[in-house]
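One chain, chain A, links the two complexes that follow: it is found with chain B in the first and with chain C in the second.
Showing the complex of A and B:
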């Protein structure tokens, strides 16, 4: 695979934005809880989730680059209106909950720094996201916020600085059980997978590829960005888990509030920089994810219902698209303003994401083998085997999530 | 390659008649309620959870106050975290006081109440900027934390026994 200098720059930028945009409130919350309660034993869940995300993101990008269609529009075309309504309704509920969690993350970051309750920050945070969407273009939002998100690499730096026992870290990469508290262990594992394999990521990525005007010549770039960017991104989530395992586990601190999570990075780094690095990481990561989640909701509906869509279009040229993300944001600020516990909402919405995964992932198998869309870029045997494996995993997750929520959530 | 594919019509499937659907929905709700009822933990487990929460938040309160002493965290964050700690510790003690608890927990209720009061005093001292008072309170809290840790470990061991 030979890349031109222009493609190399695209790959580098794509990798940086993938790393910077990898973390969101769900990954922070679930990784911190996992590390605090079970040490390094959930590290294997992170690599498994990342492997799934790498394959699915690569497929979403390849599909958009080759066919010029975003995934959700193609699903509507191939699977019909009834399927679109059923899946979009489920994804709308989950999407708004995820969006509420991300807004909660921004509000909490502001609470950490100012001392003013997150309930007061929810509306301004929602307005900030809305204003950026209203005024920004796709490229600025995607690359600008994600590059700022590189601040989350502070977790990796802190994790290295804490000198974790490498043998135990390596053992954590091998799948294992949860010991005495198996239900809770598996509930957290499901929540981590829900946080990593978020449907909004695929809708956003494939729509973004169309917005950026990708063509067949971007197939290699897309593959490298997916593999390297997402792969390195998972290291950031592993950093959160390792910091939590090193700081909270020896002190028997069970994470049930974001204020506790802040103490991880604070303890790991000298002076007050750890605290402010955490607040910045949480705020920027959640801002990026909130932009993506709000846009993904609007993409799904606009593409499915045949409206004008595009973040780079002026709002009046895509009025219904703009109205959709505005309405989603309005609804999403309500739970936080009412004082719903942000961490509980995050973990719940991540688990609920796992429930809707089968209906999200199943159409990949059909679309990625459709010659009319992909021609010679259709899935090979390996990719199909992975998708089938992921669908099986998604069905298992969907079946076990609610019982685990009751038993160990 | 742009595709102007026509939306496909989905095939009609037979759905149960409305009353049957209602009955199915009612059964689903009942099943969900039954599952929720099953998930209500027994008193001993609830007590163990409350003690674990006290242990966790005692350690959190200590870490937050120590971080403030080392000028690692701003006063506003410290105040909020200590207040949250006081509230959570108080709630956990209320849970223990409200329900039947194992004799060992009953005997240690006084000790389990101490961290909530300590969190309140720490919050007040931090608000005054009284570093000496925070140091003294932390020393006292460390001793209580060690005893709570031992109690929690005994309870966990008892719970693990067949």
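Showing the complex of A and C:
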């Protein structure tokens, strides 16, 4: 495939953006927990989840590029209003929990740096997200978050410098069980899948493509961005997991508290650099994810109800759209301010995401096979099979492990 | 609309995005009004859009609540907002009508909320 210079720039920017979009509080928290408790044995879940994300992001971009149509509007057109209400309600609940987790992540990063409790930082963090959405345009937010997101690459360098045993890392890439405490092992596997396959990412990505006015000529650049960008993101998540496995597992530190995580890194990574690396990565990844998650909630409603929408419009030109993300942020700030444990909320929301995946992803898949929207660009058999297989696996695992986890405390 | 073309009402019209005469989003086709005539096939007379129509499509408490809200606060005092079929310009992946969204109840809430938003700095 030959790319023009302009397309190369687009691919590069897209890759940066997807690194920013890929890593969120869920990916950091679940990868860190996995590494601390089970060493490298969850690495295969990361590549499996990434594979699906690559397919789904590629689809979301292709749909926008070929049809020029907002994805959620199309879902309502094909499946009707009652279905729209049912899925959007479920997504709204999960979406606000995820948003609360991301705000918790920002607030915790600020707590680590300042020493002031995250409960006090939740509202300012929510305000920061809101102000960026209110004043920024899509392009500025996308590229800004993407560049800042490069900080998270620090985890990859840290992972390499810790010299992990390559044999064990390779064994972790092969699917397998957890040995002791199987229920908890599989619960974390579900949470990782839920954290990686976040529906908000697809709604955000496709809406952005519609806003940017993509055309059919974007189909090939979109494919490269999806593969390289998401692949790159998964390397960062693997970096977090490996660092956790090298630093926490031998010291039997359980990741149930971010402050402990940061302190653990301080000892392992030569003083304060590890500490600030962790705080900055956490804060920036969560800021990017919070922007995307808040926008995605507004996109779902605006597109399904036929409102005028767009992150690049002035707020007064799309009042219902902007007030939707404002309301979502207001609600999402509450749990953190009340002192809900951010890490517990994160892992719980990610597992819950895995439960609602089928009702959002399967209709999406139906559209991707619809000739009316996509013509000759509709899905092939392979992408359908991969997505259906992994989503079904995540759903079944979620149904089995969440009750076990809740029962086991 | 051209005479004599076939349209799949549920598949191609219902729930499609509704665009005004300059392509602005003014809601969705939330309902269709058919007129039953003696000895002749039924005829589509109107498109409906807005909360009143949506409330009727939802069963249970959510529908009742939405209907009450639309009666109380909506721009049409509880009546569905109807667009005559003769104003439909095109049916494609969206439904285009020859109306100005600004001048219809479809943007009632957009205008009311817009006035609130306009008071916030940076809007």
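The rule we apply is simple: the second predicted complex is superposed on the first by the 391 of 409 C-alpha atoms of A that agree within 3 Å, B and C clash if a C-alpha of one lies under 4 Å from a C-alpha of the other, contacts with A are read in each partner's own complex, and residues count from 1 in each chain.
We adopt the following convention: contacts are C-beta pairs under 8 Å (C-beta built on N, C-alpha and C of every residue); 3 or more make two chains touch, one makes a residue touch a chain.
Treat the numbers as computed from the prediction; the structure is a model and nothing was measured.
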Partner chain(s) touched by A:137 [first = chain B, second = chain C, both, neither]: neither
First, second, both or neither for A:316, with chain B first and chain C second: second
Chain A residues touched - chain C or chain B, whichever exceeds: B
Touched partner set for A:4, first chain B, second chain C, both or neither: neither
Chain B versus chain C as contact partner of A:253, first or second or both or neither: first
Which of chain B and chain C A:82 touches, first, second, both or neither: both
First, second, both or neither for A:113, with chain B first and chain C second: first
Touched partner set for A:69, first chain B, second chain C, both or neither: both
First (chain B), second (chain C), both or neither touched by A:308: second
Intersection of chain A interface sets (partners chain B, chain C): 67, 69, 76-77, 80-82, 372-373
Residue numbers on chain A that touch chain C, as the complex places them: 67, 69, 73, 76-77, 80-82, 85, 131, 134-135, 304-309, 314-317, 319-320, 322-323, 372-373
Of all residues in chain A, those that touch chain B in their complex: 66-69, 74, 76-83, 111-115, 117, 180, 251-254, 256-257, 259-260, 262-263, 266-267, 271-272, 274-275, 372-373, 375, 402-403, 406-407
Contact set on chain B toward chain A in their complex: 1-3, 5-10, 35-36, 38-39, 52-53, 55-56, 59-60, 63-64, 67, 71-77, 79-81, 84, 88, 149, 152, 156, 160
Chain C residues within the chain A interface of the complex: 14-18, 24-28, 30, 49, 54, 57-58, 62, 93, 109-110, 113-114, 116-118, 120, 122-123
